[in-house]
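These notes open a run of structures that come right after.
There are two complexes below, and they share subunit A, which is joined by subunit B in the first and by subunit C in the second.
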Partner chain A sequence: MLARLGGIDRRWIFLAMGLSIAVPILLKLRFPEVPGPMAKATFNAIESVPEGSRVLLSFDYDPGSAGELQPMANAIVHHCAARGHKIVFMALWPLGKQMAEGTIKDVLLEFHPTYTYGKDYVQLGYKAGNEAVVKLMATNVPQQYSTDAAGAALASLPIVADLAKLADFKLIASLSAGYPGAKEWVQYANSADPEAFKVISGSTGVQVSQLLPYYPAQMEGMLVAVKGAAEYEMLVTAKYPSSEKPALLAERLGQGRVRMGPQLVAHLLMIGLIILGNVAMVAGRARGGAR
Partner chain B sequence: MNPHQKSHEQTSSLPPSATPSAPPSATPAATPSAPTPARPNHRFLWISLSVLGASLTVLGTAMAAQQQGTDVALATVALSKSIGTWCAALLTIGILTFLYRDNPFYKVCESILIGVSAAYWMVNGFWSTLVPNLFGKLMPGVVRDVAIPSLPVSATPGFDMALAFVPLLLGLMLLWRLSPKGGWISVWPLAFIIGTTAGIRLVASIEADLLAQASATIRPLVVFKETVLVGGIGAGSTTTSDPSVAMAASVQALDFWGTVGAVTGVVGVLSVLTYFFFSLEHKGAVGKSARLGVWFLMITFGSAFGLTVMGRITLLAQRLEFLFKDWMGIS
Partner chain C sequence: MLQRTVPMAILSLSGLILMLAYFSPMTTSWGETVLDWFNILAAVAFVLGAGNLLAVNLEKISSRRAGWAYAAITLIAFFLMLGFGLLKVGAVPNAEHPTVAFAGGYETAASPFGWTYEYIFSPLTATMFAMLAFYVASAAFRAFRAKNIESILLLGTAFIILLAQTAAGMFLTGWIPEESAFAFLRLDWMKVAITEHIQTAGMRAITIGIALGVVATSLRLILGIDKSYLSKS
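Let's turn to the complex of A and B:
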């Protein structure tokens, strides 16, 4: 039996893994999340900024990482808007602008209809240049972004009319899937002026080990993969519920928690398979030794 | 690695019956002395997949019908969105079919992905970099009339134009690599790119990674946390019910887990650094420290792998959510 397990066709494992993710999604399996210190730190960083502050949200990812980062983006935008912050959207990734547009439509304008373009939020869009974009923005934002994404001059938009450099923001949040992303914001923005603003990030699981050393000294808050998104969603929806559209808010700011159900089942399956594989290997070796 | 190469390697690891292109001479009949490999029966796998697909389709249709039954009159068909959803769903399924085996459907989906990505990057690079940063400086009037009406008016157009010839020249020199002769010309702009990139990154790395990280590592090994005591006696032991009378005081208590974290951090940094220190032979105390460093590294790699797995599961969950909700109508 154990020998057969060792030689099992890997496609059965793929099938089991697919089912372990599909079934919890269909059954809407959810588990309560207890917010961890990093999610709390991220939440507190946005809370600690005075109401109505100007914040910069950089969408440094594309659809390939939306599964992990879009829930964070939705929750951060709702949180910032609930606090009345003026939100400046930008992107270091070409498709980041489209991801930001989705969040603006699905969350910002849906739950905060009073937000006006140019006055309460603005979309600067994508700029090529990776870390050079951040480096130039640290000293001269208008030189990097002379217009918004639609081509309107920054001077004509009240929210950014007096924007000169990154130090004019109170908080910078990078939703980061890799290079360029949160690491570059720490290296080129935070290092240039560590006291001027807070830096927080939402990161994909793959990138977390690179960013962890920056927390909490250089990065005040950090959301770690979909688990961090789920914890942060709980904090935000608990403090800032929607009285008009509670069901829609639960859906739009519940994606992280929805994706944690499959995580649990899939991880249990994986742990079981690792144990089973090792038992099969040890048994095989023991049998070989006995011969 | 070439994706085709990878797929062939992966295919070759499958049992013989799973590789339809295997030559006839490789069949067991041609080598009677060799033990006959057991032909795995994939019928059950196919049946399982078919049953799963059919079940999900039926379930989805039933749930969608149940949900939409009441407001069917309000339903409208958005053709472009429907086509987009079907394309995305078929491409998703096409890519997932590789899990069973390499097949033409997967190849088509893979080629579409590569082609669309390359084209997107090319077009995006042209419009977001070349047009505003190069052509916009060389011929601002034309660019303003044809492409970007909101192109900012420069106070020094002549200077900007002269300056733009530098990247133009470097770009042309870089493209010289494609020429059969004078390939060395492309080395000069390449050297410029490497030099400037190294210069930009060096300063940032020293500030953010070396100095700041070293500073963050130098911290007290024993951590205390401040605890506010009401009444100055002990938490919850105030003798008065009037909060205004209660006296607040704070004491420093040992933060056990904070201390463990601080010690672990410092020991981890030192032992891993020892592992990468090759001027001394890894024997005795140095060897033990290096060995401990290996353990720290292994734990780090393990946690990174775990987080990567979490990310990949999330990606699959998101695609399945899309298939169930947006494509099949199960909400």
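Let's turn to the complex of A and C:
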């Protein structure tokens, strides 16, 4: 019987995976998370930048990776705004601007209504060119972005009126799903002026191996996949709760933790399937040997 | 001559200027100009990409090849989004300039472009990505077999990472004190050891190898030794 398991119809596996994801979502299962060193380093990097500093957030992903990266983006934006940082949004991916717009609407303007466009935050939008965009910005931001995403001249927007190069930022954060992304920000921005600003990233699980060599020397903080988002959310909401909209903040900055429930059950199912597959293989061999 | 010498000259000059700009502040503005050209070319590449998309799919439809209906759907979606975006169909009037044509915003869900992105494109993309979980589970069951030492090592690493990436890691081994001699048995400790030492060491070796390869290839291109990017004719 065990040997027959190896030939199980894969639709049963699909059903098991579907249930392992759907049930925790429907039951709203949440498990306690303990912030790890990378989440703490990311949190501390934003904390260590003086209040009211100009920071650059690059949204280098699209809806396919939003499940992992949007919770991080929400938490980072809330954290930066709670510290009073002036936020410059941009994107190296064509749909990154839309991702940033979602965070601006759901988090920035919802919990920080005093933030004014052009004075406290600005949306530069997407530019084609991948790492060349970063390389040009390292020495000349106005040549790369002469206007914001809506077409207003940078000189007319107080937050970026005196912006000349990347060294004018205190912190750069890349929410990265691949190429171009966090790796390019380290290679072309950090290498141009290593002491001028801190670089942090939020990345998908599959990209982390490419970024690990840069942490912590060239990349001070790194959030890895949904777990990184969940840990960071805990740190941010603990220090910067919302007195006016606590329930809404818990929902908007709790997406990482919500997604950890299905992830736990799905991971356990994967381990179970691997064990089952190997048991079937051993049983099949024993049966073949007995014959 | 035009087909080979001019592209080679542009490439060599651009490469040399970018190298110089890194070392000499005097030539920084030259490097910026070259990067500006590159970014313009990258934007133009989107137009070439659209042209290629049209050519491939129209050929598929005209020859009635297998899956031609999908090609038709691709083209219909392409032209719809292009029309919505270029003509700003149903754009929300600009608050400051309500009477100016094409001044309105078209990226909110109130316009067809934004609506299509928000309620069709975005969920479809997320769905495609989410389907990976099902295929990975099936592949794990069928292919992840402990057949030799290497695959056993791979399996062990996978178990540690899969458990440590969730609350199960802390639940199973979080009770072992971090300062004790047995801290190495904690799943979070093992995960850090694997990622920061074994994985990072391997990745550094690969990265350095890639970097050396990029340097060698770039030099071959700049010096005109490698001409493979040029048209064969």
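Methods note: the second predicted complex is superposed on the first by the 291 of 291 C-alpha atoms of A that agree within 3 Å, B and C clash if a C-alpha of one lies under 4 Å from a C-alpha of the other, contacts with A are read in each partner's own complex, and residues count from 1 in each chain.
Here is the rule we use: contacts are C-beta pairs under 8 Å (C-beta built on N, C-alpha and C of every residue); 3 or more make two chains touch, one makes a residue touch a chain.
Quantities reported herein were computed from a predicted structural model and do not represent experimental measurements.
Contacts of A:278 after superposition: subunit C is touched, whereas subunit B is not reached.
In the superposition on chain A, A:136 contacts subunit C only, with no contact to subunit B.
In the superposition on chain A, A:269 makes contact with subunit C only, not with subunit B. In the superposition on chain A, A:52 makes contact with neither subunit B nor subunit C.
In the superposed model, A:144 lies in contact with subunit C only, and not with subunit B.
Shared-chain residue A:158: touches no atom of subunit B or subunit C.
Of the two partner chains, neither subunit B nor subunit C is touched by A:246.
In the overlay built on the shared chain, the residue A:16 is in contact with subunit C alone; subunit B does not reach it. Residues common to the contacts of subunit A with subunit B and with subunit C across the two structures: 14, 17-18, 21, 64-67, 127-128, 132, 135, 205, 208-209, 213, 225, 227, 263, 266-267, 270.
The touching residues of subunit A, counted against subunit C in their complex, run 6, 8, 10, 13-14, 16-18, 21, 31-34, 36-37, 62-67, 98, 101, 127-130, 132-133, 135-136, 139-140, 143-144, 205, 208-210, 212-213, 225, 227, 260, 263-264, 266-271, 273-274, 276-278, 281. Here subunit C touches subunit A in the complex through residues 28, 31-32, 35-36, 38-39, 42-43, 45-46, 107, 117, 121-123, 125-126, 128-130, 133-134, 136-138, 140-142, 144-146, 155, 158-159, 162-163, 165-168, 170-171, 174, 188, 192, 195-196, 199-200, 203-204, 207, going by the rule given at the top. Those residues of subunit A whose C-beta lies close enough to touch subunit B in the complex are 9, 11-12, 14-15, 17-19, 21-22, 25-26, 64-68, 94, 126-128, 131-132, 135, 146-147, 151-153, 186-188, 190-191, 204-206, 208-209, 213-214, 217-218, 224-227, 258-259, 262-263, 266-267, 270.
For subunit B in complex with subunit A, the touching residues are 15, 40, 45, 48-49, 52, 56, 59, 99-100, 120-121, 124-125, 128-129, 148-150, 152, 200-201, 204-205, 207-209, 212-213, 215-216, 300, 303-304, 307-311, 313-321, 324, 330.
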